[in-house]
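Here the structure is laid out as structure tokens; the discussion comes afterwards.
Note that the chains take the letters A, B, C and D in the order they are written out, and that residue 1 is the start of every chain.
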């Protein structure tokens, strides 16, 4: 059963700003509890802090420890209808042992053995895949087979049918990002099963979506309405890499092209609107040139980063990590983030920022704001 | 301290769709736990149901029991800096004993004694007040004093300074609605203290915001940009009542003016956009003529209703209540709602629907959808 | 007949910036003419001036001369199918003898005798009526009868069926504003005939559109989509007058409510969007307190003003007029406008500004821009 | 001089729907004329037709006759400050001998000799260049040099500084499209002179704008606001050609990718919005496979087409032409257009459709609408 009635307990001690706990007040509080009522004055410190105090903690998951777990799951756990995916999620240590990387975001490693199919389904959760290494799996979205290769970003918005199959003789792992916690919390999730196997074994280099949409600034006249999520199912590494390299080259030539010295960045966008690829998630790629240090930034909303290449040091609030390829880390809302690198660093990022932006709750704070 | 590290525990029994719990699998699960990982396949049933299964429960709070609690708090609990407001919140019995009416919405009764001031503050939480009975308090928003009287709806969007003061010799109670749980969950809340007393003791019939904005279809040339939230600080009962009466009169004359037979309804809107009064909350007023029964409706997102006048029977999923003036009830996401009345019923409603709509997660289901 | 082939003639003299008119060049120009070609270099001075130089001239039409013309037309010219309306248009003296008040706007006085019907039709042209004096005509829009009285503004967007009938025993005159020249120039006009008489002889105080829509900030749940033009068919003088009076009162109390000292102004808006009442026309009402002088303003786009009440002096570029009730004047694009009044002045204004705004061509210039 | 007062003359004969021309009516009409008034009833047939009847005529300009004119101008007419451009405009034979291809659009051939500079200026008119053959000119937009080559589309929105220079030893011609007639008519044009020579002699393969923006679906984080016009200054033929070829290939594979059988089409879009490249002009490229015939289409608004490659037969209303490379033709508003081809045809198109769309005046009519 999904819900059970839970008792209300008013725990306020006789602390700061609290009325004295007289017998009369204690009786009133017992009355509140029996009527399912809770006063604001005992809760306001937790509920309405002066700035966001996320329960989520900054945390790092090492790729070198994550990948063997996925490989072992590949040996022990079949993939099929019911479990649906061999996906293993990051559980933020501040979020009560739930499979939530942040309060709103799910991040998992998914693993598919040679010849396996992850069965077709659809759900309202928005999803994407990002490939830090390997290739050989095609994700089939509404019947369109999309190759997955290192560096590719593969968005797949809510309520599209999709399954995956591995056509090679080696396993493949990648990262899934979804808004599962957000939709779980807001009670907006729907789910439907499709066929147990993907509709097509075709394995083309380029999906049909790319053939229609991956031409810069060009839009097919068959699709002229703004779409809530991107119709382009693959953003290839070749393009991302070139865009970032050009920004650093333009900076070196003296033009404004980077967001700060040595820091190139692109956002993956919906070509029908120029906005985020999905209503609830933002995805970006950041490249730091060697010997770059970013200025600290705070932002409302939470992010998950994966190191795509290079090495560096990441500091979130008062925690620091040395990071390298495949490592994943979480930046909770309003925690300051700084990244430094000697030899250069490529970072994939996803965040829930569109939620805050669309609801006029977004704020950001950079050192410039202090001037 | 706000966050503490919590253990991960994989609780999946050897049930449906689960791999057999071999010693190897048990070891793998222990490895997951130590690495802060949780598989999808043990959690998918809870996380990704075929339709929303809210933990929130349908529940009714009786005004006749709520008001005496507030009156007693008026005797025992001072209002002032720190506790900020003498507000007592509805705690949904499915939500773990937290002061959340629904997963996203806060609903509370607030009570102010003669001569009292609720101190000035501002917060990112969007808020409103609705008055089911009484008068005599002025809420002062950014220095503009706004009278509160029976039937009035008083929106007050995030980050505006506001305080309340009671200028009469009798206490007054009203309902506060806020998006506290949503902002708490998404870590987007900011809060600042203002003066301990409201800036002005003026008590005009009409606020300055009404004098500028409450003219149908007319906009002052001093304010031409779309505002994220309504600049109109009071929607008076006189207008709401007349709009509803006109809809029923037009229906009686044979014109399309009601959403179903005998069911008139208006939405409170932002005159600068025609959209909802705030980015996260929708507010409406519904009037059922005598001998009216509404068709069942399901909607993604949660609502809180307050009975303004009349009597009727409300059914949410498999729970039914006889309701009368002041009663408050909760409709969780996707639970079907039906209302019937013999003698007529006036209902104030607030919901989190703009969140789902702006994020393309909204769905609704009415009997027509089955045809 | 719609089109005839016209000869091309290159008229450039041997003037400034022109190449010398050698025999070879003359031969080339004759070649251009025979091939239907015209060079930029002979035309650029006219086509691409440093700032707009409208062919339209500032001009004033006196109500005391306009109204008798309309009355005489009421005696001599029947109203009926074919001619459609007894409307007499202002012909700007700079616009080639065409019935265009400005390059984009039509302004006419319409006159209806007791008992007459102006037959039902619809057209893509956006239209409105404004009543400077009199009453007794109902305009019937899609079957909804709308009373017309002094001070009322009655929008009626393109492609709605409409006719007028005079139910009294006295004639009535009013002003029609349309975007006829704009749609004529851009070839976007469609037109259809309806019945010869209006559908209903009902003459209610308030139209059904007002009963549904004229409640400040309230929207019927039957109509939730943004509409391209306002669904409210009458903006009553009582509301306009009060809104303007409140702005001047608030200014007197020390608050920011007027656009400059003594100058109150409201815009008529579409309650479904907060924007202009129609896609091509903006309508406003301005009230100048006694002893007020406005700062000069230039704006891209053209306007027509009608004096509703009071007296004053209007200056457009280097032309000045003393104006009083009913007088109409034209302000061409980018011509500076100044108005002064000793005894107070009420002005109705309509303009084509939404065209420039929606196409990112709008500019304005006020004395502040020079600082 | 910009404006002169013109006499008003009411020319209505005693025709259909006209009142009998009695002496009294004649006197009234003389009164109208002296007061600068014109009745609707004498003009309505011309002003308010049942469907658009453009004064513009369908017309074809042959490239083989146009280009020699431009070459001869290259010999006789210098390019420089004052005349600004060696551009020769199409003068629609229905538009009174003015240099207007359609009521709203300017289309010209521009010609630049080896080593010449077209001086820097900026204007509110939106502009673009399209290259049907040749190369060697760089257009410098706000200091960014943009190569021009066969098949390239080069947008350049209003109020950006720009000049052109030819770095080769051969002349180059191309097509300019602007909204000069529209801005002339609506009195919204501003113009400023810049330097006599372009700011840079650099001649890179790719402009800086392409290096920042021509990556499919990727957006630099330095530019996150929607821009009213495209920041991408060159849409290269290589991409356009591939997009069209892919559509025809997908169609051959059985997928929906063309707008009708054998008819591929892309729209050039603003990557910051997904909409048209400029507020007033739409630009598209159409490819007809061999043995294709398009269904007749009518649309509100006017278009200019240039044949980029191939041959075919074009029919506009009751006029037909055999067309080949470089030919330009005009389709007035609401005139039906059909194109057929045996050997295949590539067409560049520009139109004023965004004007009608943004002002809710757009309509289209295809054979499907008759079903």
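Everything that follows uses one rule, which is that a residue touches a chain if its C-beta (ideal position, glycine included) is under 8 Å from a C-beta of that chain, and two chains touch if they have at least 3 such contacts.
Just so it is clear, the structure is predicted and the values come from calculations on it, not from any experiment.
Shared contact partners of chain A and chain D: not a single chain qualifies. Put simply, the C-alpha centre of chain C and that of chain D have 29 angstrom between them.
Annotation: 52 Å between the Cα-based centres of chain B and chain D. If touching chains are joined by edges, the resulting network of the protein chains shown is one closed cycle, each chain touching exactly two neighbours. Per the touch definition, chain C reaches chain D in the complex via residues 2-9, 16-19, 22, 24-25, 28, 31-32, 35-41, 43-44, 47-57, 59, 61, 65-66, 69, 72-73, 76-78, 81-99, 103-104, 108, 123-125, 158, 180, 182-192, 228-229, 279-280, 300-302, 332-334, 352, 354-356, 358-363. Interface residues of chain C facing chain B in the complex, by the touch rule stated above, are 208, 211-222, 224, 226, 230, 232, 235, 239-240, 242-243, 246-247, 249-250, 255-259, 265-274, 277, 284.
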